[in-house]
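Paired with subunit B in one complex and with subunit C in the other, subunit A is shared by the two complexes that follow.
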Partner chain A sequence: MKKNNYTQYLYFLPVFILIVFIFIYPLCYSIMLSFFDWDLTKPDQHRFIGFQNFIDLFHDPLFLPCIWHGLVFTAFSVVFEYLVGLTIALALNSRFAVLRNVNKALLMLPWAVPIAINSMIWKFLLSPNYGYLNQIFEVLGFNGALTKNWFGDMSTVLPTIIVVNIWRSFPFYTIVLTAALMAIPKEMYEAAEVDGASFFQKFRAVTMPGIASSSAVIVIFHIIWTFSNFDVIYLLTAGGPLNASEVLPTLMYREAFTHFNMGYSSSIGLFLFIVLFIAVGPLYTKFVLKER
Partner chain B sequence: MKSKSNKIKHRGDKLRFVGIILFNLVALCIVLFPFYWLITASIKPDKYIITNTFYLYPPEVTMDHFITVFKFGNFLHIFMNSAKVALSTVICSLIAIVPAAYALGVLRPKGTRFISRFILSLQMLPGILMVIPLYLTLQKLGLINTHLALIISYTTFTTPFCFLMLGSYYSSLPKELFESAKIDGCNSLQSLFKIALPLTLPGMMTTASYSFLQAWNDFLYANTFTSTQKARTLTVEVIRLIGVWGNKWGDLAAGATVTVLPVILVFLLANKYIISGLTAGAVKG
Partner chain C sequence: MLKKIMTVFIIGMMVCTYGGYLFAGGSIESSSDQISLVYQNPWDPAIGPDGVAHEEKYAEYEDLTGIHVEHNVMTYDQLKQTLVVSGQAKEGPDVFNMLGEWIPDMVAMGLVEDITDEVKAWEDYDKFPQSTWDVATVDGRIYGIPSTASTRVLLYREDLLNATGFEVPKTWDDLREVAKALTQDTNGDGNPDIYGFAFCSSTKATRGPQEFAVFLNSVDKAEFVVQKDGKWVPGFTPDQAEKVFQLYYDLMFVDKCVPPYSIGWEYDEMDPNFASGSIAMCMNGSWIQQRMGAGVNPESWKTADFPYYNTPATFMEVKVEGVGAYSDHKKEALDFLMWLYNRDNIVAISQAGNLPSRSDSVESPLWRPDPVWKDQFISVAKYGFTIPSIPMIDIFESCMSYLQEVLYQRMTPREAAEGFHASVIEYLDTEVNV
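And now, the complex of A and B:
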């Protein structure tokens, strides 16, 4: 099929149409909106205001807290998701592990179930009065010291969200890393053993290079997904209490659908995208796009 | 069993075996306990839910919560909404993606590499960025509070991932098959239907189950684009009811169970395909 027949491009047509209308057009629309004062409730007063939305954003008292919460949320989530995911992948890959496929299926459930339902369950399990975690701490005798209003206390809310997010996301790492570990030829470990390598030497010389590229891909994707994540935080705390868990996506959503400032909200979205593009874009090109 | 007893040769191995199994069990308990709580809470009376006693299993079983949810919560209607949206998304995304994946994997016209890189780059766009412009556009088109709005959005947002995943299935098919079909006089459309489709059924299963889960699980778009009782889907309804029903955790758990069971069912039936698709997508990049 070497001849370049133009009818072949027709096969891309449905996907092309969808992408133009739901990706490209909205993206351009969003860029345009961020330079406008665009109140949804005042359709006759939309006007071009240049960079004013961005100036307002940088002066927003919630701007720096949002960035900080986003960075903390992303850094701790991704690092611990990776560590937990890798540990379990190593355990599943051990020659002593049993029922690997059943294990994988069951471990994937938190990832497969709607975030709306996960967050509802955790709201109960971590509720201050009858939540199971506080009850367990009470039984263990930590009453007062460790029984907290996990989502309602400004000092515990962010770490609690991070833990729930790790619980939800680590399975994805486990699945990908298990596949990468399985792809490492057994002979390489045997050769290392013949050379008298210890467990850690084997890990450094054989395991780590074997899983490096898949690790890069999942970490890059999770940095993007976590920093721009809306559902987990919105559904657990909606950014509260007193903005203690506010991040750019939740701020953006409230500006748009509670205050109807579509222009200002779009500028938050565009800023978020630019930050991600600068921070992750080069890595994305290097690790994700390289084989394509 | 034979192979297992062969694996355990030394005392140290026995210790490691026990360690791995224990670690495995602890991990499974932590991962699965919340779902265990959800399902048991949906079948036990409220007095055993909001209590200071920990019950490992329900002391008393009741179907009251499910009756409430279906009778007063109108969950049958909302369940059908979710099913309609999710199944339509699956069908639409297959119709859009199969030809494109075939072109990507088999026909490979000039510029295919550019197209696939471009589509992969779209995965960098955060979903939240698209909500506002999509909302304004759908509003102009009069599609707010319709399921069509959700179906179009979900079909598009699952496209990049499904396209690349299914594309890799197609490119793994032996090229000779298509060459000999061409010699026998098949045009490209005929070889898609007669040769490629039957051979890529597992890939289509992966695509279908992935889009189903994405559409069924979504909260952001469903919550933004549909607000009427008539159009609402399950995830949005459960979240809304937390505010309305307050501490009636039994009823909420029943609603959540109704939402989760199809997901668990699809996932347990199709997890082989989903897992292989996810790893292919991420490992190969």
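And now, the complex of A and C:
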């Protein structure tokens, strides 16, 4: 019996080593850096400064705009990703759907294509002078009113990034929700129909409870992923113009790799981690862990 | 039984993987004794002939010395990031290309080798202008070989200019007048299809600050920063900066000869737009000729001195090849650089992009005179200025942020000039002069 116990630890060892090296060590190192003045261009001046990086962060003129942009980006992205994903999942699951598997495969494309390529495509589509969208608006006679520099206009940049993010992420919702919808027993719908339930009554009483736990899990994960998202925003605008799309992850990146201020950058990362932990942790415990 | 087999299998796999890794790592050096140098630079053979020429030279060097040169092509963003990140792990390439303005940072981080003694003993040392060595120098020590020295000129479409009847602009007033005349709505939809002029204003701060510096330098020879009594101070007054911000504003909003959608452009937007014919004039370097193949009317692309306010100016962009501080083959790396940047080789690898930094390049049998793409750029070098050897990224970012404030009409040129001037003072006092 004892021997078996040792064996099971041995199985766990490779994964444990991997986790320590690629997660625990960088996390601890990053936490340590956030309490240091750690400028890579001044290697002989690294020193412990306590909470000064966090004090500087709260006084940074970009701090509140970054939080606000992050909240707007996350709220609109997650809500519309869910609504679009659910609508298409319902359509795919309806009895009128044709070529169901082909459509499912096609719907996966935006999610399956690497984000770098996605971003290039969108930058091209929305290019102010030769982008298709502006050309279509021009043909439709909206020249000047709707032809815009979508990523270069401070009033349109954040909504445009949100649209790109929704387009990229909704297929994941569709796939998860389609699977959840298929798991709802048909008999429940038949029983509701026998009781004379309308489409909306069936949706409220049968469909929503059936997909509630799957919905909670993907929404919670997407809140975390979207609020800490770096790639979409950085590839499309790098936080510009004039910080109009700046969020904490892009600020963190710029501090680390443009200004080489690793201590300050780590404090932004730690702050982001703590915020997400406090905000989403209880939800995660309630819906995800409980579900498991 | 199955558990035992699995345990043995997993341990076996781990041992084989680790053993294989060790074996592969050790065998390359020990079995052939061939030295391999890693050279990171942006000269991409897929984009231009200079990249192809580079790889031909690396092969030639291997034939001569048996030393293999591994070519890692990357953009400047990637290059800088790779150097910094790998440097933290005490790793890095043997040889790499640097923008002149990076060097103070690279030196401070200990990523680049001091080669002062070796290059001063090099017989070709005097063949490079002192101004190019100055870019590679920090606190009196030399940290690389200046490989290219490219100036900026006015790039324009001669066919469009001739159609307007104007001469090549010489001053800022001429520039505004000509740019306005060149701006045309050719399809009658109410919006110009060709704009007379364009500039870079991205806060990524690569070409935008360089262009701004040229405008600034042409106002009384003002510079971003200068050294005075051992201290770094702003090399411009708010009045001088205001003139530059005002010019940008006038071109964009008064003359409407700059694309309204070009705010935030970086070089990767500027260059294709000129090549595709939507821009008639801009400030540019000799590398733009690599876009002629896919460009509109490339035979009418011409170059001239850049228009000035009261004194001619141009930015002399010097790129420098450094030896990695973590290279295992520093001597071989430097020998390779000295060979690659001898008179004939430097000409061979600089035919279609940046100009070679050596003053004896024109004596090489490989030198091909070209009035548009070589002579014009060389002729303006006499009033070229370089970026000083202090970390400049904060000043560059600040400059472009204030420019965007003007272009988004959130500040007047005067407010931007005063804000920029104050931000330079603050940066120098808190980060440089301490």
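Keep in mind that, in the parts below, the second predicted complex is superposed on the first by the 286 of 292 C-alpha atoms of A that agree within 3 Å, B and C clash if a C-alpha of one lies under 4 Å from a C-alpha of the other, contacts with A are read in each partner's own complex, and residues count from 1 in each chain.
Assume contacts are C-beta pairs under 8 Å (C-beta built on N, C-alpha and C of every residue); 3 or more make two chains touch, one makes a residue touch a chain.
The structure presented is a predicted model; accordingly, all values stated were derived computationally and were not measured.
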Fit-or-clash call for subunit B and subunit C when the two complexes are aligned on subunit A: clash
Which of subunit B and subunit C A:A112 touches, first, second, both or neither: first
Contact breadth on subunit A, by residue count: subunit C or subunit B: B
Touching partner for A:K202 - first (subunit B), second (subunit C), both, neither: neither
Touching partner for A:F257 - first (subunit B), second (subunit C), both, neither: both
Touching partner for A:Y11 - first (subunit B), second (subunit C), both, neither: both
Touching partner for A:G269 - first (subunit B), second (subunit C), both, neither: first
Subunit B versus subunit C as contact partner of A:L27, first or second or both or neither: first
Which superposed partner A:N149 touches (first subunit B, second subunit C, both, neither): second
First, second, both or neither for A:H46, with subunit B first and subunit C second: neither
Touched partner set for A:L242, first subunit B, second subunit C, both or neither: second
Of the stretches 185-193, 203-211, 257-265 or 275-283 belonging to subunit B, the one that collides with subunit C: 185-193
On subunit A, positions contacted by subunit B and by subunit C: 4, 7, 10-11, 14, 130, 257
In the complex, subunit A residues that touch subunit C: 4, 7, 10-11, 14, 40-43, 128-130, 138, 143-144, 148-149, 152, 154, 238, 240-242, 257-260
Subunit B residues within the subunit A interface of the complex: 4, 7-8, 13, 16-17, 20-21, 23-24, 27-28, 30-32, 34-35, 37-38, 41, 49-52, 54, 95-97, 99-100, 102-103, 106-110, 113, 115-117, 119-137, 152-153, 155-157, 159, 163, 178-179, 182, 188, 213, 216-220, 224, 234-236, 238-239, 242, 249, 252, 256, 259-260, 263-264, 267-268, 271-272, 274-275, 278-279, 282-285
Subunit B-facing residues of subunit A, complex: 1, 4-5, 7-15, 18-19, 21-23, 25-27, 29-30, 33, 88, 91-92, 94-98, 101, 103-110, 112-118, 120-125, 130, 132, 135-136, 139, 167, 171-172, 175-176, 178-180, 183, 213-214, 217-218, 221, 224-225, 228, 230-231, 235, 249, 252-253, 256-257, 262, 265-266, 269-270, 272-273, 276-277, 280-281, 284, 287-292
In the complex with subunit A, residue positions of subunit C that touch it: 3, 6-7, 10, 14, 80-81, 84, 88, 104-105, 108-110, 189-191, 202-204, 259-261, 263-264, 273, 276, 278, 391, 393-394, 397, 401, 404-405, 408, 410
